[in-house]
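The same chain A turns up in both complexes below, where it pairs with chain B and then with chain C.
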Partner chain A sequence: MTNFMPPAAIFIIGALFVPLIKGKLKSAFMLLLPVIAFATLVKMPEGNYWTLNFLDYNIIFGRVDRLSMVFGYIFTIISFIGILFALKVEDDLQHVSALLYAGGALGVTFAGDFISLYIFWELLAISSTFLILARRTKQSQAAAFRYILVHVFGGLCLLAGIVIYIQNSGTAEFSYIGLSGTGSYLIFIGIALNAAIPPLHPWLQDAYPEATVTGAVFMSALTTKSAVYLMVRTFPGTELLIWLGAIMTAIPIFYAVLENDIRRVLSYSLINQVGFMMCGIGIGTQLAINGTVSHAFCHILYKALLFMSTGSVLYMTGKIRCTDLGGLYKTMPLTCLFCMIGAASISAFPLFSGFVSKSMIISAAAYGKMTIIWLILQFASAGVFHHAGIKVPFFTFFSEDSGIRTKEPPLNMLLAMGIAAFFCIAIAVFPAPLYNILPYPVDYVPYTGAHVVGQLQLLMFGALAFCLLILSGYYPAELRAVNLDTDWFYRKGGRLFYYIMDKILNGLNSVSEKVFVGGLAGYLGRISRDGPVRAALLAMVPAWVISGKAGEKLDQKKTFLRMAIETGTSPVGINAAWATIFLVLVYLLV
Partner chain B sequence: MNEEKMVLSHEPVPGYRTIFHITVVVAVLYLGAIFLWPFI
Partner chain C sequence: MKKELKIFDKPKNVKRFLGFFYASLLVLLVLDFFIHKHAEFPWEGAINFFAVYGFLSCVLLIFIAKILRIFVKRDEDYYD
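For the complex of A and B:
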């Protein structure tokens, strides 16, 4: 087994060779990397591999079990699709970043200890930042800066938690942790940030729409799903996650309705979908965990498909806002079809992948008699159909004709979308292969009369609501504006904080300058400059006054004394007398 | 080719506001009946 290279290493080492290869060989080489990684995965039996001892801790680069294998498979599949989609991009920065990013995600998936996990976790953050920077616009640079700051904060929380965990347990290996103690809470926050759990979520809808066309495909698949994997591994059955997940499914719906940027709409729907997964992890039953893992698998595929189809529109037209698009089905019919398949999958239409995965989580909530959670999840299902299922394809490809006449994207992009679309339908029609690789045995039948009819009811009424809202004019207008979420705190609030700190700290600085530089320091300067004269006058003037000197004579005496000290021409006797007085004082004091 | 629009508003189609309001009333009554049924 250890004769093989870890799947993460295949991507990471492969990424280093990409800039050295040119032309079609480069394309073939990049496509070969996920193929080799997948072949390696298939041959990996369960167990711990690629272990080494570092500072008396066991470092495990290959913890292979059913949970890590599912995520390993889907990360490799989506890497292949993403690379195929990006094949015509002539930018090594994007290729290298994407491959390192995929390597980081696989590294996190198979890490059996916290030390290697942390290294791959940071690799995820850094490499993905370059996928935003690579768009090379002012907005993308600002978004990348905010993205890396937020992820550095999350990484530091995770690191602090890991240090406390290792200190308490004496080992770097980990599995179930659960919320107990400071270390576990810090680890939870670190993972929650990458999973975009509110209120730690705004980095997602801020950064993903600013990433490159191809970069967004990788980003939609890897960061949040690595966090989902880690949450399943370390915090299954944590009740807090049920409520956080439910909030996560519901709140983005309102923002998604208001959004004008199509990729921001998709980002909000991504948060909504990860919310279902968090809910499943929180419920923690075998059905819920299976539902979470299968939903992560399906979600990676259909979300990538949606990001690819909308990315193709951006690639071909240079536009991505509802206000600028519409009527593209005439010139991009295949892209429109793929987008519709992605939209149907995310909406959980029967015979599309979301139907066989999301329903497991909702059923788990129902079996657990969690009525409020079940209602929230049903509401969120209708909501996601509304914004990702209808709004995205409607405003992009139908709606009012924008007059844009373009053509389909290059063949490699269509092929990548076609493969993802194929998986979206195949998994729904034949769910058994997916169910067979899930962490627990599956005893769930998605296609029952009640489930199909219930889901169709939900979707049809959702569609009716959308139509009536549009036709009655109550549907909110799409505006060219940036809607701030909890990112207000570091985008607007940050400026306010800066303003307040500027006023307080600079005000304090100004007062300090006046007091210490202009006032006290000036006084001390004057003292040090003519200190001996002042001391001498202080000692002599009372004596002269007592001896009857006053007026002009006293002034003359003062002037004489000042000149004598400044020019060093005072009588030797006076200096000798001062020296004697000081010596006596020193003798008495010491 | 195309100027970038600042707003994409949705003008009401005559008659649909009435249909919308009727649908909302029916939906509220229907949901109310479902939720209150166990208590009746």
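For the complex of A and C:
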């Protein structure tokens, strides 16, 4: 063991020093952290280490195998790119949160036990919340609040599952779990929420567009992909995931077509892409798992690239809606080029990274003879080109000139995009280095004539449809509108719940006030005040009536009696009568 | 201020671009006849299957999205 600390610790401890350093030194320090982490990773041998004993449980900070290594590499690479992109941001809150966030993702990746995993899992949720809060707008505050509530719910599901798991197995160490028993389902739900599997997905498209320009880059890379890692680790071959994944690829693209906010379009396409990965995990063959892992690797790079290029537009113009943008290729040609490289990569064009990774998952579905799944995945592939590949660059950089005149973002941002773009193309042209680090040996050739031509046909004729629909005016116009998604249930549903509870509880309150305070209490008060008078009248009036008193005389007697009892000065005769009645009663009853 | 790019301001260039695009579609359709295929599904081997499927997918996508909009569209301040 030559390494002195786990990669997660490098980021987490490093983050604490960031506020203490200023200027160029700070930039250099932040950039150095992922470099040190990467150097540590390269030297990490396979095995379990950095263990400690806590309450008789083995805590493992270094479960190192081929699977965790791939995610370790990509999380460190993207952290470097993200930090470079955010270098000019003068907000320590964002820098510290982003570094803790990256540390959390690496912690999850190398955790060999559930206890440390849970701690890093919560670190992911909390640190990323600050990347939304740091936008410092009213919407972002609200979105961050919803985001953390949803993730606390997911975290609690996971925690409950972990407690049951540890109770049953007697150990905190974990590997393959599979769906069987309450504990495993709770763990599954906890991971599924972070992976944004419908209907647990809406936190993603709600929160990511509200995050800061640079924060969204980290967010697009870390939360869902650490969930992908964990799903590959614990639930490979779970058939349910095949269907959930396929649904997940298809549903968000309809929303992406309608959405006006560019970063929200990207959020929907992020869910769509993670759907391919979930499907691959569900299929669970070596090819499918390789496809999933490599797709996560490529996806992190091109999705970050897309969030960086559109984020640059937001950073430079303050605008991010399709309806506000257009024609920016004139003043931001490099950003436009990077965005198109990201768009081509997510669309899986030959010679762009998605092509060499996504196709493995689709091929795995074909080898398994999963007809419907295969058709859905191909549909989603055409669809993702439609909205992420064409719509995003088209409405941002081309379309009608919005009249906005700006310039390219600062050099560090361009450099960050350049590095990501380089990887997107390099991986596609030379897939061997990526294939070599995948969990299983790769025997897959992406560039066959049939595959290249088939994929190009799928994409280009999808583009033809876009072209014809735009020209004919049938294409749905970009509108300033909100599209309802399942977050309705806690955004409006929450209010509905509040309203119903308000009506029921406060209604109950006012009814009981009327009944008990106003009615019953008053009644009891009156009864206890007039009781003796009424009782006396009840006893005396029949006697008077019998003795022949009527009319005015009777009323006079009544008034006299009432006054006598209220003032406690009843004549002896009445007391004597009471005593007689009492004695008669005693005699009768005994 | 640097000089602006204006290539798509000229209708001639847009036309050229579209012409190039349509031509590439044609090439793809023709190429498919000369490709050796190893299909897992019978229809995968059919001539120009992916062109038809890609086109129909996107038309269907838009069609369903437009229907979806009827149900899910709300004012921008709906949640405020």
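We take it that the second predicted complex is superposed on the first by the 511 of 590 C-alpha atoms of A that agree within 3 Å, B and C clash if a C-alpha of one lies under 4 Å from a C-alpha of the other, contacts with A are read in each partner's own complex, and residues count from 1 in each chain.
The rule we apply is simple: a contact is a pair of C-beta atoms (placed from the backbone, for glycine too) under 8 Å apart; a residue touches a chain by one contact, two chains touch by 3 or more.
The structure presented is a predicted model; accordingly, all values stated were derived computationally and were not measured.
Asks: Examine A:469 and indicate which partner it touches, taking first as chain B and second as chain C; both and neither are also allowed.
Replies: both
Asks: Under the stated touch criterion, which partner chain does A:498 make contact with: chain B (first), chain C (second), both, or neither?
Replies: A:498 contacts neither chain B nor chain C.
Asks: Quick one: classify A:324 as touching chain B (first), chain C (second), both or neither.
Replies: In the superposed model, A:324 contacts chain B only, not chain C.
Asks: Of chain B and chain C, which one touches more of chain A's residues?
Replies: The larger set of chain A residues in touch belongs to C.
Asks: Which partner does A:480 reach: the first (chain B), the second (chain C), both, or neither?
Replies: After superposing on A, A:480 lies in contact with both chain B and chain C.
Asks: Return first, second, both or neither, reflecting whether A:430 touches chain B, chain C, both chains, or no partner chain.
Replies: It touches nothing on chain B or chain C.
Asks: Under the stated touch criterion, which partner chain does A:379 make contact with: chain B (first), chain C (second), both, or neither?
Replies: In the superposition, A:379 contacts chain C only.
Asks: Tell me which partner A:516 touches in the superposition: chain B (first), chain C (second), both or neither.
Replies: Neither partner.
Asks: Go through chain A and flag every residue that touches chain B in one model and chain C in the other.
Replies: 464, 469, 474-475, 479-480
Asks: In the complex formed with chain A, which residues of chain C make contact?
Replies: Those residues of chain C that touch chain A are 1-2, 4-6, 8-9, 18, 21, 24-25, 28-29, 31-32, 35-41, 44, 48-55, 57-62, 64-66, 68-69, 71-76, 78-79.
Asks: Which residues of chain A touch chain C once you look at their complex with the stated criterion?
Replies: 253-255, 257-258, 329-331, 333, 363, 366-367, 369, 371, 374, 378-379, 382-383, 386, 398, 401, 405, 407, 448-450, 453-467, 469, 474-476, 479-485, 491-492
Asks: Could you list, by residue number, the parts of chain A that touch chain B in their complex?
Replies: 260, 319, 321-324, 395, 400, 402-404, 464, 468-475, 477-480
Asks: Quick check: in the complex, which residue numbers of chain B touch chain A?
Replies: 1-2, 4-13, 16-17, 19-20, 23
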